[in-house]
């Protein structure tokens, strides 16, 4: 039950602010909320994700869906951005995902290598960049170092930085796992401390309490947990990710609780395009109804 | 059964497009297809590959073969390119292979170090560069990092980038091996997501299903598999590699299925030059007959 | 029982000196002593530290506390500095902490990666920067290397450098642990040898003598130990950190002994904000009374 | 029984060609052959190599020997080059060895670190640079990377690049060892593929066949082996190294077979200076007689 | 029984030569010999070294000693140089030690990280820089790489380079240990081959013969050993270090033998300042008497 911060509270420079304004107030519900369509699973999981709906293997199919569904942006890796975004430029904002990896080797010391630069994002007409930070990974030093360069470039070019703050690696597995309230809360704060403009988080699971620090071993409702996480993120805007495809009612409830908690919106991929075209649009329209109820309030308002 | 994309659909800059046009429409079958002659085995496998036809140890022999056989390009490492290409410049396009390694140390965490730069390619008059990406290697971070620099330089100099997308390393061996449909399909998508203009792939083996993800454990024909792989590569043009020397009928059948699936062509080395000179040309002429049946269609045509 | 060095004895350039003068003589007790409020625990420990006083999860709460309590500075990571310091600029000095890490992975070869630069500090209006050096860590080479770049940049921009000199890692655990007199004394000297303007230390525990070098296995009072440590730091000004929350009497006694020993002041975080607002201010006021008794003496005076 | 390539067949730029001409046609036998005196054993093996002839510990002794014996060049590391070459500049060409190491730590993952640059070579008046590439080492990535920088600098400054192509490391030990025909042949090709102007090789041992690839397990004479190796090197000029001191008759026979095979010459160190002064010159004169019989033939001649 | 080289034999540029002249002929015995006072033990060993004479914990005490004792230079790390040298500038030459480390973590793969640059040395008014090279360490690649940058910078700025050539690490421990004649001789040569202007060595122990290479397993007097070592260093000037505090007679004898052998001088720290003030000066005066008997002879004289 937090109030989402207004753009003029965030200490942003003019260009970052202009781009965030374009994404949040000139697309989608146009009320400061956002719904993004991520489409980097072909790299992160491989084409196996497309068997559920083979049409989604084609980037044009997904780009069209983003346009029809009124999304605030589509998230692409450099290759698809270069080859496909030119057909959609101006119609839907692009978030260029700057790092990514295959799921083939072990995740024990996860690190997501940088595949593109903020300069690439500028060149391609993107309005934001994305970076996956594996919070808690034993490769933390390398991760923070490459993240820092991205943050500096994003500041220099006025490009909003969306951090995929994902608890990951052997150490987090030993302390409640990657979806625990503890892990998601720590991830939210880490992104905020390190300068994320927007942070993408998984919905916290307060029931995962094995070997988590004491305060998190208490009983919390999911609403309490997501409220807490949004406070930990303070002035980093929060997006909740969908994760693997789940039941629609559960997803909608998760969306409602997130928006109640003061998040900015949702970033749902497989839950959207791993179903038939018209069903996708119907589900998106239900999500949008929720977002429309949670406009950003004026500062001091 | 896909339609090979036309050059004007690929989001290319003018210089990359001009070079690809030169390779695809001014050499070989001149119909948008391509047949490349790779000659980096002296580094990758050592001179042991030349015992089958000792004449092939001499780069001039192979360069002459490429010219006589009407190839769309020859692939060389920096050393041979510097010492031999000047005698053939203008007569046959050069693909400068930018990385490579010996096969002596272990491949468990395979990484192919960069031995030359895109600037070298420009200086030597090459029309494309090649990079081996070991998809799934535990050295993924280092591989993606050096690949990114190559991609950026290729963009800057307008040099088409051909990615040798090779599943390799201990993790892929544990999930069906490097030739499985799963591995080749993932490799195709990875190259596409990371911005390859052209991707070189091994022909997929849908019968290798041990420990692959569920969707790939189903039964597929080889035609279905190669069709799927080409879709995963979307707007990255696909070349199918020959691998070690095999029976001619099998190779021709593989070539036919590949062209049916919408690939751009073939990149056959040992299958070409590990035989006597005139036999090589005869085999090449049979391959060419296949390519001539699959011209690139006009966009919207 | 040492005399704290005056600013004109430290070999400082004009800009560093001006900034230290601003911190030490234009804020707080304005007598050359200092009390800093560190607020990077959200990254170093995660939001679990805020459960004791949930209001402290909000950076504005802590910034207000720093202002009300008359601190000489507040210590923030880049993210909070960017999003919150603009509301307080000019009212309280900012120390930008340049490195930091989560506590999730193992500390055996501890290294605190750099998350921001001295240029960021200049851009944000900071008056000092902070760097955590893990003295004795097996990752010493990497630590010293990144430290050196920070030191050089700090010299170039005239930015005072506060070194968090923390004994840490498997080797120090095998020689008396991170709080022993031996470890803290070595850490003080290391910071001084490497060019810290100010060094932040834990209070030494002369009773931790297991496996320490011979001279430290003798009996020392805590006053003797802190006196010795301050001499080891010679012309690096010393700040004593509070560590985790402890009893007030113990903390005040520690503060008194530190100031007697010639330290410059205190850097207490959790001991301050892990309690109710007015209690915090009361505790701070007691600390301040101690500092007021220990003004810097004129050189030669 | 190969024909040594002429300088105008090598695709060289003007400056590299001028320097090679100076070395090959203005010193020594002045007929396109070469005899180099390497003097980096003080680093590679330590001063233990000088006990056989203590006078050779003094660089001036060895430099004088090179001058008196009419060598085509002397090979030095940066330190000796700086301190001693100024007394001999113009009288004998200098090959600056750019990398080197002590033999103290393990060779299992051998890598020879770069100790000097091509710029140093230009500054000191050298006419070529040398680089040790440990073919087959598990540290292949790092080796190829630092080699590439040397190759690029050598190209930029027109400095001929002599590659010491040495099979080395645990993997090559498991496949016949560092002197096998297989290993030397692969090393020759690797240097050629990677752009060596000149490659320094050990004489191949076709009798070392344990665990080598099949084609090398056949029976070959030493003349057949060295012929094959020279073909693998194609347009990289070949120098045969002497290795540790051996019987004179064996060395002279090795020299004869090498020159028959089309190598450019010899690089003998310990076999020269690990004996009394006049004996050294006598042995050198016998080597020279062999070289004089193998002038470079005109291209097309 | 070697003749120490004169400055004009060393191939030095004008600025290095001017600085060496200042150190060797305008301070101390002013006869080409040198006595340095090293004071980096606070970093290398920690403050435990100061318990023998607590006054020596204060850099001013040691700087005063250097001035009173007529040393040719004092050796400091960057931190003490910045904070204390300004009070002594012009009165005694400064050698800025550029690398160093704590003794806390394991020395098995010793590497001394760079803490300051040659530019720092210029800025602080130093007349030489020092670098510790751990000869034989398994971290040889990293050591040589950072050393090379220091050597290049020293050449560029005309700053004489003193190399602490210390055999160290697990491999040297397995071959006679760090003080053996073998190890010290190899270290001397390594520094010379890599371009040290001056090399600091431990006095060799010819009786440590376990597992050393054959030539060093013979019987040598200490005078023979040090003579040999100085020849191995050829035109790198040699300084002999004192090491941990030992009996005065032994130290003076060691000094005498070293000067007989043609070294340039001594670098004694703990043997000097780990005793009462006047005793220090008395010992120093005895060392000086030895140095006065060994002036540098004119070249050709």
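To keep things simple, chains are lettered A, B, C, D and E as they appear, and every chain counts its residues starting from 1.
Here is the rule we go by: contacts are C-beta pairs under 8 Å (C-beta built on N, C-alpha and C of every residue); 3 or more make two chains touch, one makes a residue touch a chain.
None of these values were measured; they are calculated from a predicted model.
Novice: Just to be sure I understand: going only through chains that touch, what's the smallest number of steps from chain D to chain E?
Specialist: 1
Novice: If we look at chain B and chain E, which chains touch each of them?
Specialist: Chains that touch both chain B and chain E, as defined above, are D.
Novice: Under the touch criterion given at the top, what is the topological distance in steps from chain B to chain C?
Specialist: Step count on the best path from chain B to chain C: 2.
Novice: Just give me the whole-number Å value for how far the CA centre of chain C lies from that of chain D.
Specialist: Result: the chain centres lie 58 Å from each other.
Novice: Using mean CA coordinates as chain centres, what's the chain A-chain B distance in Å?
Specialist: Centres of chain A and chain B (C-alpha means) sit 36 Å apart.
Novice: Give me the residues of chain E that touch two or more other chains.
Specialist: In chain E, nothing touches at least two other chains.
Novice: When the cyclic arrangement of chains is written out from chain A toward chain C, what order is obtained?
Specialist: A, C, E, D, B
Novice: Where on chain C is chain A touching in the complex?
Specialist: Residues 40, 42-43, 46-48, 51, 57-59, 77-80, 82-86, 100-102, 104-106, 111, 113-117, 120, 142 of chain C touch chain A in their complex.
Novice: Going by the contact rule set out above, which residues of chain B touch chain A in the complex?
Specialist: Per the stated touch rule, the residues are 10-11, 135-138, 140-141, 144-145, 147-148, 151-152, 167, 169, 171-172, 175, 182, 185-186, 188-196, 213-216, 228, 231-232, 234-236.
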